[in-house]
Amino acid sequence: MYKLSIDNLNELFALIGQDSKVYAPIERAGQVEFFLWSVEEKVRLDALNTVKSAKGFFFPQTEVLYKTKLEGKKIEIEAAEDAEEPTVYFGVRACDVKSFDVLDKVFLSEPVDSYYAAKRKHGTIVSMACSKPADTCFCGLFGIDATSPAGDVVTWIVGDTLYWDSKTEKGEALTVKVKELLVDADDVEVKKQQTEVKEMIAKAPLHDLSLEGFGGDALDELFNSPKWEALSSACLGCGTCTFVCPTCQCYDIRDYDSGHGVQKFRCWDSCMYSDFTMMAHGNNRTTQLQRFRQRFMHKLVYFPANNDGDFSCVGCGRCLQKCPQSLNIVKVIKALGGKKND
Amino acid sequence: MQKLRDEIVAKCKALLEDGTVDRVIGWEKGLFDYDCSPATFTKENIDELVYNEYCGSNLSKYLVKESKAEGNVAVLLKPCDTYSLNELLLEHRVKKEKIFVLGIPCGGMKDEKGELLMKCNTCKGNEHKIADEVMDSDLTVPEARDRFELVEKLDGMTPEERFAFWQGELSKCIRCNACRNVCPACTCLKCVFDNHASGIDSKANADSFEEKMFHIIRAFHVAGRCTDCGECSRVCPQGIPLHLFNRKYIKEINELYGEYQAGETEDSRPPLANFTKEDAEPSVIYEKGRD
Amino acid sequence: MTKKEDVLIPKLGVVTDIRRDTPDVKTFRVNAPEGGKVFEHMPGQCAMLSIPGVGEAMFSITSSPTNKEFMEFSIKKCGCVTEWLHQMEVGQEILIRGPLGKCFPVETELKGKNLLFVAGGIGIAPLRSVINYVIDNRENYGTVDVVYGARSAEDLVDLKEMQESWSNIDGIDVHLTIDREQEGWDGNVAFVPNYVKDLGFTTDKTVLVCGPPIMIKFTVAGLQEIGFQTNQIYTTMELKMKCGVGKCGRCNIGDKYVCKDGPVFRYDELGELPAEY
């Protein structure tokens, strides 16, 4: 394990930035998001969750798949190039790092999504342990340890010191690159912080949720539950929950006519939208209840059924914070889950 | 407020018992103290209704959906929420005969941090503009600041500064449509941004033009109809001060056509949908737009 | 620049023939620009067709894989992509990607079986691929019955092929029907589900059914009445699809993605899914 003073963060980013792009939590117009770092930006490592999650690193909100042009009877087509620039993502929280596992199961399963795969391959994740979880955090429910995130390099901030521990080959390579800024350290302070934070988590308001009753086997019973009506009745049908969610990965493929050619792009889509399943001759989900149910059934039942019981939620709490009417997955888990949630 | 809440529940129970209404739209407790959700209640669960300083959401838009459902519904509206209902009535979006409006007093609503909601800083006052009955209470709304303060600040900027301000704010937009879907003035059966045939439907901002277009078109579309209820800014996950667009138009309309508050009454003539001989000449508007 | 490859990136196809089948159905023949087929497929599989600036939509491949020269798509006009396709002329290039989805199990479960095909309207499109495949591999299958119906005689797709080619092959019976009486039609008049029941097939057959959802529903109910089991019946589903490879999420029903796990399903498998299709 190594350490450096957080006063030297800009030097660290500059050194990494010599031959990589660096993304970090940066505040602009009052909101913290992962943006491309430059020395003028206001880095906010104290912010717990960015508004949007980290999924956009590898699955951006919009991305051009190919360009094409129709002229009379002729069509030209030109594929977008793969992202091949090495990129370091700094300050990713444990929940967001875990979300990459969920996204990998979708995008890296056959047939591999080459757009996602290229960005993933060239990305190095520097995660950051949480020292002050929010009331809305419940990552522990999914086996995530907020004090010990996954990632290529894991960091902890204790006081004004950043602790640095590489975990993978990519992490080693990054460590070698920034070695001149790092000094050897023991893990005493880190261990102490971890113990303190774990105590905080154990007392957090959502620490005792249970997923009993969810998973692939519960499909019929949960689908037909009469509780969906009350759970979904206030839903506005907006896409806030899906767009801030680190694991929601549904997308649309659309045409953007620039006037001199068409860009075929994909963009985030939301199963909460009425046109999500709309086709020329009809729609198989016509009510908001059906759409609301689909989102949560997918996360808590369908996804686990196809992925060895893993859930498509990481407990980041963004939907708890951002739903305009305060509907969220925890309410669903409490309402439909086993008795342990009472 | 617990006493007021108990009185509201008692009143709702009476309305449900005597058959005046079949359902009540109010708020239910969330996971924490500060995240109450809109909810529909019947005789069976009316005791779960809450009313506290975290009931900021405006329930009037749910009446569009409720008007199409069977039976009658009671709705809890704070003074500012009643403006939205009047506007919906004016536009024939809801059926008044199916609705019992229970006016509830308000002492200002708070966000999750316990701070007064943005919209409450420029409160419209204690008066319910439409109600079948108003609950008694000694609650009184917070003192209002001038709602055009920030608009004037923006007006005072150079065009470049103003553009930079809005560029910075609107580039945060993730096109979640929360502002549109919560807006009581946005009740089109099919929004132009959802209509593939419009040619401008989209779910993501393909470029920086699109992120501005969505909000500016929306602001234009609700101009003269927006009651300044502030829900758009309350729900924006990115904290974009969307209400400033609407207030800019309100200020312009006031200056050009005389003071007008949308939703003040249920039979007003909105200045942009009304002709009077005193209306500003097009040339005045043209000149103003050149500022 | 190295040309990137991805399952989402289409290939070029050229429309080499257009045939009007009914007032709102045309069949399009598609070749690779250099001739031959754009890709190989199996009966029941689909392809995404797109036109820049118009959109992309999923269609079942109507031709049989035994046709080594070209692919065909029978397409009914009902949305913006199909309208565009209907107004194009021979020589038009289009974008095509596939094959997508699972095929009818022609090389496994269906082998050696007596087959009953039931189609309504444009529902013949995916089944025509199977029927011609079966005809070209005649020795691998038992008897073949085709029940096909449409609103009117004009709405029967590929009528000529059925009457002139299929009907003349040993062991193949074609039963045509239309919904209402009309002048010049001396064939059967009945809705497809009723006709299937009236024909009273023996239950030693495997059924492949495709058509409007309501037709499928009543046909299956009728077949069950005369003793068929749901595990003897296959159908192919249509839902909104964008990626075609089980990732974009639109066609997700229960733990299945219709584009990837289907569109061909055995009817008893469908019964296990939430009723959302």
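As written, the chains take the letters A, B and C, and residue 1 is the first residue of each chain.
Everything below uses one rule, namely that a contact is a pair of C-beta atoms (placed from the backbone, for glycine too) under 8 Å apart; a residue touches a chain by one contact, two chains touch by 3 or more.
Keep in mind the model is a prediction, meaning the values are calculated, not measured.
Colleague: In terms of CA centres, which chain lies closest to the overall middle?
Modeller: A
Colleague: Please indicate which chain is farthest from chain B, where distance is taken between mean Cα coordinates of the chains.
Modeller: Centre of mass proxy via C-alpha means gives C as farthest from chain B.
Colleague: Please report how many Å separate the Cα centroid of chain B from that of chain C, as a whole number.
Modeller: So the centre of chain B lies 50 Å away from the centre of chain C.
Colleague: For chain A versus chain C, what separation do you get between their C-alpha means, in angstrom?
Modeller: Using C-alpha averages as centres, the distance is 40 Å.
Colleague: Between chain A and chain B, tell me the centre distance in angstrom, where each centre is the average of that chain's C-alpha atoms.
Modeller: 31
Colleague: Which positions in chain A touch two or more other chains at once?
Modeller: Each of 252, 269 in chain A touches at least two other chains.
Colleague: Which chain C residues sit where two or more other chains touch them?
Modeller: 80, in rising order.
Colleague: Residues of chain B touching 2+ other chains?
Modeller: Chain B, residues with two or more chain partners: 196.
Colleague: Can you list the residues on chain A that touch chain C in the complex?
Modeller: For chain A paired with chain C, touching residues are 65-66, 68-70, 73-75, 77, 79-82, 106-107, 111, 113-115, 216, 219-220, 223, 249-253, 255, 257, 261-262, 264, 266, 269, 271, 276-281, 283-285, 290, 294, 297-298, 301-302, 305-306.
Colleague: In their complex, what parts of chain B are in touch with chain A?
Modeller: Residues 30-32, 35-40, 57, 62, 112, 168-169, 171-172, 174-178, 180-182, 194, 196, 202-206, 231, 234-235, 237-239.
Colleague: Can you name the residues of chain A that touch chain B in the complex?
Modeller: For chain A paired with chain B, touching residues are 28-31, 33, 51-52, 61-62, 135, 205-206, 230, 233-234, 236-240, 242-244, 252, 254, 256, 263, 265, 267-270, 273-275, 320-322, 324-328, 330-331, 334.
Colleague: Please name which positions on chain C make contact with chain A in the complex.
Modeller: Chain C residues touching chain A: 1, 3-10, 12, 50-57, 78-82, 89, 91-95, 238-240, 242-243, 245, 247-255, 274, 276-277.
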